[in-house]
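Have a look at these structures, which come just after this line.
What follows is a pair of complexes built around chain A, which joins chain B in one and chain C in the other.
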Partner chain A sequence: MNGLEVYLGLDVGSVSVNLVLLDEKYNVLEKFYLRTQGRPIEVVKEGMEMMYRSMPAGCIIAGVGATGSGRELAGAMVDADVVKNEITAHGMAVLQSIPGAQTILEIGGQDSKIILLRNGVVSDFAMNTVCAAGTGSFLDRQAARLGIPIQEFGALALKSTSPVRIAGRCAVFAESDMIHKQQMGCSLEDIIKGLCEALVRNYLNNVGKGKEILPDIVFQGGVAANEGIKRSFEDALGQRVIVPEHYDVMGAIGAAILAHKKIRQGYTTRFRGFDSIHSDFTARSFSCSGCANLCEVVELSSAGSVKARWGDRCGKWSSSAARENHADILA
Partner chain B sequence: MTITFPHMGRMYIPVKALFDDLGVKVVVPPPVSKETLEIGTRLAPEMACLPMKINLGNYIQSMEKGADTIVLTGSCGPCRFGYYGVVEKEILKDNGYDADVVILDAPGREPQVLLNRIRKISGNSSWLKIARAFLQASKVVEQVDEFIDILLKKRPRELNKGETDRVQSKFEKEVLICKGSGETLEFIEEYKEKAAQIPERPGVQPLHIGIVGEIYTLIEPYVNLNIENKLGHLGAEVHRGITVTDWVKTHLSLDMIYKRERKKKLKKAENYLSLCIGGHAWETIAETVHYADMGLDGIIQVLPFGCMPEIVAESIIPTISRDKGVPAMTLTVDELTGEAGYMTRLEAFVDLLSQKKGRVYERS
Partner chain C sequence: MKIGIPRALLYPIYIPLWKTFFEELGHQVVLSGRTSKGILNNGVKTCVDDACLPVKLFHGHVMDLIGKADVILVPRLISIYPGEFICPKFIGLPEMIKNSVSGSPKLLIMNFNARDRLEKGYDGMRQLGRELGASNTNVERALDRARARQAEYESMLESGFSPKSILEKRNARQSPASVKGRIGLIGHPYLVYDDYINMNIVEKLAARGYEAIFPENVPLEDIELACSRYPKKLFWSYGKRLLGGGLTMLEKRKVDGLIILTSFGCGIDAFIDELLLRANQREYRIPQTTITLDEHTGQAGFDTRLEAFIDMMEWRGRYDNNIPAYGTDVYTGKSLV
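== the complex of A and B ==
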């Protein structure tokens, strides 16, 4: 019996592990957003387990893509067909789902990026270089410090009547400035709104510096859930900002789409079913003593055999898997 | 007297040949590594640029191997580099290292000072011998760059993955055994032959990427996280106009034809920058325009964190990129640069170029 061919995408980031299941028309059949909590291997296993249990009957996984900072790890664990960087994945997801989009503002757990789309392709991009002020983990931390759930953070900002000005250049200074404004007696709403404005200002002056931000503007990544930041973007840019339905898993969607494109070029998937995820994955790291660089090499093994290695500068240890993937998709 | 010198890419090959020819004992610093950088970071002021930290690490590691005299070039201030020599000398002294630092910089009013210094590090060889040794060394410089050029072309086209890298690492390991320019030149010739014979996949049309920026960062692979090899593995042929050959021909030789060509190239920058503002900013802009006009697919600028001239260039490049329709990206490196983020950017940039060129990912 021929089942419905579906594509799996994984985005393993610093803060969250996201999984999506797409059909051939790129409709999202299933999605999971899980916290990484510093245990990517366990969380990927957990996510795969959840995906397996909730997958619609009769589906056949025809291809798998992995992205995010943990893409090598995830790719090796699930035998992904495509292992791609976050920028290409995010760009791809928007190109396929939001026709007319020309700018992507993406703010994730620990990095933020801007991606420009022109004529159906990614034409330029930038990532935050020096500082993680304004990314998800910083907001998380501030919400915790103020004692409000992160989910309510944005809504509170919208209630502000006269936002205070917060120094947003650096996370540490922003925090001390916030404390200072609290001591002065400013209202919580105004401080939060001020923080949103500072983060947006920082983003536009740093990541977005010199980039031509044209409509339609799409705002995605975990932070896009924050109404306050979205509104501040709209105020600063003087334009409407679109937050897509699946804003929190766009990277995973892009990875799944890339997997589909590769399979369509005539490759057969390397994915060997959900069973293999149950095997015991162990990661260990060691320092290579081949030269004075003493690279930290990470080795992932399952059932006693080495699945992949990465982290070496010279390529002596790394499996060629990731690189081959790249060459293939360009071919 | 045992001489050592700072690393800058494969510059150690001609420099070693030079001192071998002069019959002077020379210690080649161990390849730049994390340890080199750690030593340098400890000794140098925190705000100093990355190359200086690596220089200092090179000296200390060489002194551990018996060097007592450090030779480096200086200049009358194209940028902070002009003061490296004197500052490094003081830093070594402050930290209790007893080394003789000989700075070769362009003579001002007293050419005799420079001549005396050259004479000194040459072990008092005759001027004829010195001239011949320098001439031979400049041949080595050119040959090494030609060899590297072959590798840049081969890497994206190689049939067997990693073969180009294997030839290169074998070369770098064995070249140090050569004694003198004669042997070195023969050895390079042999390896150029080997490199030329690396089998290619038929019909490969690699992307073409030009790399521009501060000279040291471009030339020293440790500092730029081996950008040439990384781009090669991602399927791109790398073009780099800033080479040691270029530097030698511009600053040390009397090759007037080359200098005229170089002036012509710099003139290409005139719509954007028409004078030297220090460092290699002018060259960076000129090279960017040149590569755009050549029709390369993309341009990457690499600079060490805090490099003033390159920061100016960085702000001009987007205008060139827009005018000429060529994608450009800037990468800043320092001792804190994480390799993962760097790789992500290179990968994404290569994806961007191939999408633009081949439209592999059509909207469906």
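== the complex of A and C ==
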């Protein structure tokens, strides 16, 4: 069987589960952006099913990479070859697809990050610390509260003529400020645009603090779909901001690229085909009573046998050290 | 008498002094258990909600000692070096404990105020020794021995050992099997030496081949020298140690990266981290990151940041081609002699 070798990338985040299929030249053959809805296992299965059905004929999955906050889970479910953090994955995706990029602004469901690229490598990064005010899940919530589909949020912001000022430091403050401005009778467009500006201000002050933001600037992650935020970034930075074609699945693209790099070094993929995904995955968590820490251990089983465990501090349950190999794939 | 010492706040720094002092006076010292979920929960539940995590943990450790000790030591550290202060929360610690911890445990409050002269700082210990019924001669003898033990401990720290390796008699430094590099772990002692709250960072670094070095490994003279670049005196003792320690590590090319651990809401760290970052960006350009700790027990966010930082360090290191961005080139070929 001599098919086209392709690479699968999964990014399991708090708000979305993304899957991509890349060829060896890193062209995106297929992509899916699905809502996590707090059910990562089901949605990963659903995504794999969709990928299987729509995969071009003759393709062979030669490697699989997983990233995102649910990367352990996804990696265990699909037997991924590479399980990597989101910073490295996003950095890799941009380095391979957008030559000349020096800054990545990434806003996802629950975290936001800035990544600086210099001389072909990630040279600095920062992530939000304790505040998720500027992230997708907050925007989602506000859209729902205002009764506007999230897809129309950005377009509405662009219609604003005189944006109102919204407190951006904290999601709770922002929400109460928005409500007060609504009660005062400000227009929805102006409030939404004000919110976009507040989020950008908060991002640049908090995540982007002290970072040298040089062009080309790439804006990605789910929130990059929001035209209003993009425009606010451009206004605040005084520069053009590029939203890549596959902005919403860049993490998954990076994971697939990392998988390709690992396979190229002579590893054989651990991926066992799409059949295994149909098995009945169950996750349960239990409190280990081995010591006073009472770690919450999560156990993923399929077809009655344990696939992986994680969440313990001492390594008694997880043997993640054995699974996680830090192969030199960044070269 | 059984004197309980909470394994919290500056315990990892002063335990030889405190423990020796009380033992020389004929008392038995018991320590609270290592920080655990139970201690964290108790601390968070008991303490006023706007205190920082380390102060909450201190509350938890005090509660852990109830029933295990006759009295519980609550140090009131006001100033540990002449002309300097430490965080005001240390000054109010006894009052916080008295008002928040129920079950009225008996507290032993020990003042330490070296603001005028270092020697005067020990007066609080002398007074406490006498209150415990010891004669002046015995107090002085106990204090001498305690200070000798403390001096010995501090010189071991300066020679590169970590408190953990000394206090827990680990024969080796906590180093990885093969060392790829060194990372400066900058943070207050109650964060960098508490494996529970720092998510086992030292072991996680070791698993990736990196050895951690700490601010306490930097001699005080170096810290003073490093901080002399600033026009004003840094009057917070720990702020100075963190900043001066980090600067010395950068200046002496001792580290491949700096990780700053800070507890959410720490006022001292707010500007110390910033000063260190600016100096690093201006002069050394060595990878640096800050990880904020609070009462999380989920490790995913922490691990993501740590993993991404090490990836970045290695990625940058490879580009630098063994010519670090900070200037000196490193010869990695065969030995020439």
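The criterion applied here is as follows: the second predicted complex is superposed on the first by the 322 of 331 C-alpha atoms of A that agree within 3 Å, B and C clash if a C-alpha of one lies under 4 Å from a C-alpha of the other, contacts with A are read in each partner's own complex, and residues count from 1 in each chain.
As a convention for this text, contacts are C-beta pairs under 8 Å (C-beta built on N, C-alpha and C of every residue); 3 or more make two chains touch, one makes a residue touch a chain.
Just so you know, these numbers come straight off a predicted model, no measurement behind them.
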- Have a look at chain B and chain C on chain A after the superposition and call it: clash or fit. clash
- Task: Go through the superposed model and pick first if A:Ile192 touches only chain B, second if only chain C, both, or neither.
- Result: neither
- Message: So in the superposed three-chain picture, is A:Ala224 touching just chain B, just chain C, both, or none of them (first/second/both/neither)?
- Response: neither
- Message: Once chain A of both complexes is superposed, is A:Lys261 in touch with chain B (first), chain C (second), both, or neither?
- Response: first
- Would you check which partner chain A:Pro99 touches, where first means chain B only, second means chain C only, and both and neither mean what they say? first
- Task: Using the superposition on chain A described above, determine whether A:Val200 touches chain B (first), chain C (second), both, or neither.
- Result: neither
- Message: Just checking: does A:Glu296 make contact with chain B only, chain C only, both, or neither of them? Give me first, second, both or neither.
- Response: second
- chain A residues contacting chain B in one complex and chain C in the other 69, 84-88, 111, 120-125, 127, 129, 210, 291-294, 313, 326, 330
- Residues of chain A touching chain C in their complex? 69, 72, 84-88, 111, 119-127, 129-130, 210, 291-296, 311, 313, 321, 326, 330-331
- Name, in rising order, each residue of chain B that touches chain A in their complex. 30-31, 33-36, 161-162, 165, 169, 225-226, 233-235, 315, 318, 327, 332, 339-341, 343-345, 347-349, 351-352, 354-356, 358-364
- Tell me, which parts of chain C touch chain A in their complex? 33-34, 36-39, 196, 199-200, 207-208, 264, 274, 277-278, 281, 287, 289-290, 292, 294, 297, 299-301, 303-305, 307-309, 311-312, 314-316, 318-319
- Residues on chain A engaged by chain B in the complex (per definition of touch): 69, 84-88, 92, 95-96, 99, 111, 120-125, 127, 129, 210, 261, 291-294, 313-315, 320, 323-324, 326-327, 329-330
